[in-house]
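Report on one structure; see the data block that follows.
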Amino acid sequence: MRVQNKEKISQRLRSYKKQPLSALLFLLVMFSAVVTLSVLIALIAYILFKGIPNLSPELFAWEYTTENVSMMPAIINTLIITALSLLFALPIGIASAIYLVEYAKRGNKLVSLVRVTTETLSGIPSIVYGLFGYLFFNIFLEWSYTILGGALTLAIMILPLIMRTTEEALIAVPDLYREGSFGLGAGKLRTVFRIVLPSAVPGILAGVILAIGRIVGETAALLYPAGTAAQVADGLMSSGRTLAVHMYALLNEGLYMEQAYATAVVLLVMVIGINALSGLIAKKVGVKE
Amino acid sequence: MKKFFALALTMAVAVSALTGCGGSGEETTGGDTAASGSISVVSREDGSGTRGAFIELFGIEAENEAGEKVDYTTQTAEITNSTAVMMTTVAGNKNAIGYISLGSLDDSVKALKIDGADATVENIKSGTYKVSRPFNIATKADLSDVASDFITFILSDEGQAVVEENGYISEGSAGTYTASGMSGKIVIAGSSSVTPVMEKLKEAYIALNPDVTIEVQQNDSTTGMTSVAEGGCDIGMASREVKDSELEKGLQPTTIALDGIAVIVNQENSISDMTSETVKSIFTGEITDWSEIA
Amino acid sequence: MKIVFLLAACFSILAVALICIFLFANGVPAIWKIGVLDFLLGQKWMPANQLFGIFPMIVGSVYVTAGAIIVGVPMGILCAVFLARFCPERLYKIVKPAVSLLAGIPSIVYGFFGLVVIVPIMQDLTGGNGKGVLTASILLGIMILPTVIGVSESAIRAVPNSYYEGALALGATHERSVFFTLLPAAKQGILAGVILGVGRAIGETMAVIMIAGNQPVVPDSIFGGVRTLTANIVMEMGYAADLHREALLGTGVVLFVFILIINLSFSALKRRRS
């Protein structure tokens, strides 16, 4: 095997001598792959290197005080806001996807409008979402800074993501299932909920995890609607900061640099965990097929 | 074919830029540490309380012919909205100069003497270090009992002791405070400069009155003032004077502390003393190189 | 029940409509008050003196985005080629998740990394303060990599293998076959990836604000400091009152219009492909 490999390599090298352009292209490809990976490694190594020495049990105390600068309330707020956003975005997103895949007729004007707007939504930068959230919830509805406003803003932001992944998952369900269900006398609705949707669950789940990843890392869209209070929000209508906003706030006054580094580590670990989870689910989907 | 050549070329440029960074990471900062090199001016964003106080105190803000106040900060000044970015920038660039709240100062940067006076709490009190600004809180007339009790605490000996402990300057206190045993909720919002000391005050107050909950919103002076006026919070914080237009809305300002503004440079910078005239010239862009400063 | 699904589907239309209405209703009057030309082409941004010209910020956003494309797009496409055609199976299982991890890292973390790692390096290289168009371009170039890589890779993979085999059969090397048959065939998909990347670069806020210098002037060189539209909003929104606040919302409107143009061209491209 090894010998074969060597032969292959030497053969390749010989051909590169004759083909300088190919050699150059090969080098460029390899080079950019190496650079991309090393940037990622540098980024992660740097955060871990700077942050881990600053991690201490104090940072995970239940109450935030200026002494411990705990990030626990921020972590809890992140969970609350994530749950709330999903609570709003999931039903709407899944229902829209069901309409688009199972009910809508081809070439329907409304459908193309929905598609264009969904694409628009997914392209809007988070700062514009933040401005909108502020104008709509804080000014127009006259709420003060609330996690509900923040969660609703994020729900709109992740809606296109959920719609798209659900749509793809639904399309991937073979028509055979539907025909089988109809053949056995099931109605449209029953077919959708009992047959199609369950088979699409892993795909939908993958979308949910992507959405969670986006929520966890979001700062600009939350700053204005949800505010920056450092406590666990004591109700939907009170303010609370998520972990990313917490890091932003810590950096703002420059008093808590070490804690900001530590927060970055926790954020990174969360993101890696979320990614690993989505990889796992993707693998499961693959196995099923 | 041509397209790909162009592609390869742009890529080569990009790649060389990237490898350039990768390779030179180990290089130490070359050159001497003496005062030379073009000055990197770092300033805060327009509207920031810190910037407002800074340009006013150093005369960087002046009236033009039409009688309007104009901020003459040089257009080439780097702008940041975060004290941490300001400090990291100055700590990492030996030619940089910036300014921060005295309460945020640490060893990563060097605070300059202004007109021979060190930036210390004592010098601000005695009046030799002149670069300071008030930390104000503002309330409306219909203040809740618990909020007014909290303000009593802030202005008391105990409250002002907290202020001093954190590197801010007390303007004298109004007697001792006795815990009232009240309960309720206070919402405070406003300047991110005042937030750190307000959080300390809140903790000290809650230690005495455990039934009170206080929510501190860190945003900015103007938002703080507006939300008090509109009833969004009980107490607003401002790291500047309360404007006339805000007073018209029925706000009652109270000064709870003074905060010095430290002019900061890199630790390697050999200069440690500067006249306020020089600071002004640097920030208005008249002096652009360290060698011009004797 | 169909009605319920239909209503849900209409929600995204409602959301876009709401965003448009609220943004335009709050931003456009200010643009009129300042004067459309004064606002868009004004060189001076001095809110304290009622001068609201966002031309430097528009230029800034364009420069930084263009820089990000120059840095990120060739890298991204080459990386996608690597993943699709050069990468051994075993390595792929590591590299692919790594690239998607790059997409998941919060932008504020990128910004901080840029501030403490890239900026000092640029200071050494250029002798200036290290913040500016080039620094922002490099960081944004890195940030758009995952987008460009992901879309380009699937576009390259979507090209029928017979193209590649045909080229090989005609005696082309592996590299030539990939670059001169597969890439041109996948060009529309790759373009879509680039457009998505542009959208991400132009809308990026929290990272850019830490490393661009944020001077409200048109930069005089690629090392010069620059302020983007997004940075302008997030830096001053907190303090702004009255016309200043509305001018910032107006900045948001301009940014939104930019994004709309990019999105519409993206959908147009997609429709042409299908």
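Order of writing sets the chain letters: A, B and C. Residues in each chain are counted from 1.
Note that in this section a contact is a pair of C-beta atoms (placed from the backbone, for glycine too) under 8 Å apart; a residue touches a chain by one contact, two chains touch by 3 or more.
Not measured: the values here are computed from a predicted model.
Undergrad: Could you see whether A-B or B-C has the larger number of C-beta contact pairs?
TA: When B-C is set beside A-B, the one with more contacts is B-C.
Undergrad: Using only Cα atoms to place each chain's centre, name the chain farthest from chain A.
TA: B
Undergrad: How many angstrom lie between the CA centroids of chain A and chain C, rounded to a whole number?
TA: 17
Undergrad: Can you give the whole-Å distance between the Cα centres of chain A and chain B?
TA: So the centroids are 35 Å from each other.
Undergrad: Based only on mean CA positions, could you tell me how far chain B sits from chain C in angstrom?
TA: Centres of chain B and chain C (C-alpha means) sit 32 Å apart.
Undergrad: Would you please write down the residue numbers of chain A that are in contact with two or more other chains?
TA: In chain A, the residues touching two or more other chains are 28, 31-32, 35, 251, 260.
Undergrad: Can you list the residues of chain B that touch 2 or more other chains?
TA: 11, 15, 18, 81-82, 85, 88, 219
Undergrad: Residue numbers in chain C touching 2 or more other chains?
TA: 74-75, 78, 116, 179, 234
Undergrad: Mind listing the chain C positions that touch chain B in their complex?
TA: Result: residues 45-49, 70-71, 74-75, 77-78, 115-116, 118-125, 127-131, 134, 138, 141, 179-180, 209-210, 213-217, 225, 227, 234-236, 238-241, 244 of chain C touch chain B.
Undergrad: Over in the complex, which chain B residues touch chain A? Could you list them?
TA: 8, 11, 15, 18-19, 22, 81-88, 100-101, 103-104, 106, 187, 192-193, 195-196, 199-200, 203, 213, 215-219, 227, 232-233
Undergrad: Which residues of chain B touch chain C once you look at their complex with the stated criterion?
TA: The contact residues of chain B facing chain C are 4, 7, 10-11, 13-15, 17-18, 20-21, 24-25, 27, 29-30, 37-38, 40, 42, 45-49, 68-71, 75-82, 85, 88-89, 92-93, 95-96, 219-223, 226.
Undergrad: Sort out for me which residues of chain A touch chain B in the complex.
TA: Touch residues, chain A against chain B: 24, 28, 31-32, 35, 38, 65-67, 144-145, 227-231, 234, 238-239, 249-255, 257, 260.
Undergrad: Report the residues of chain A in contact with chain C in the complex, numbered from low to high.
TA: 15, 19, 21-23, 25-26, 28-33, 35-37, 39-40, 42-43, 46-47, 91-93, 95-96, 98-100, 102-104, 110-111, 113-121, 123-129, 131-132, 135-136, 140, 156, 159-160, 163, 189, 213, 216-220, 223-224, 244, 247-248, 251, 260, 264, 267-268, 271-272, 274-276, 278-279
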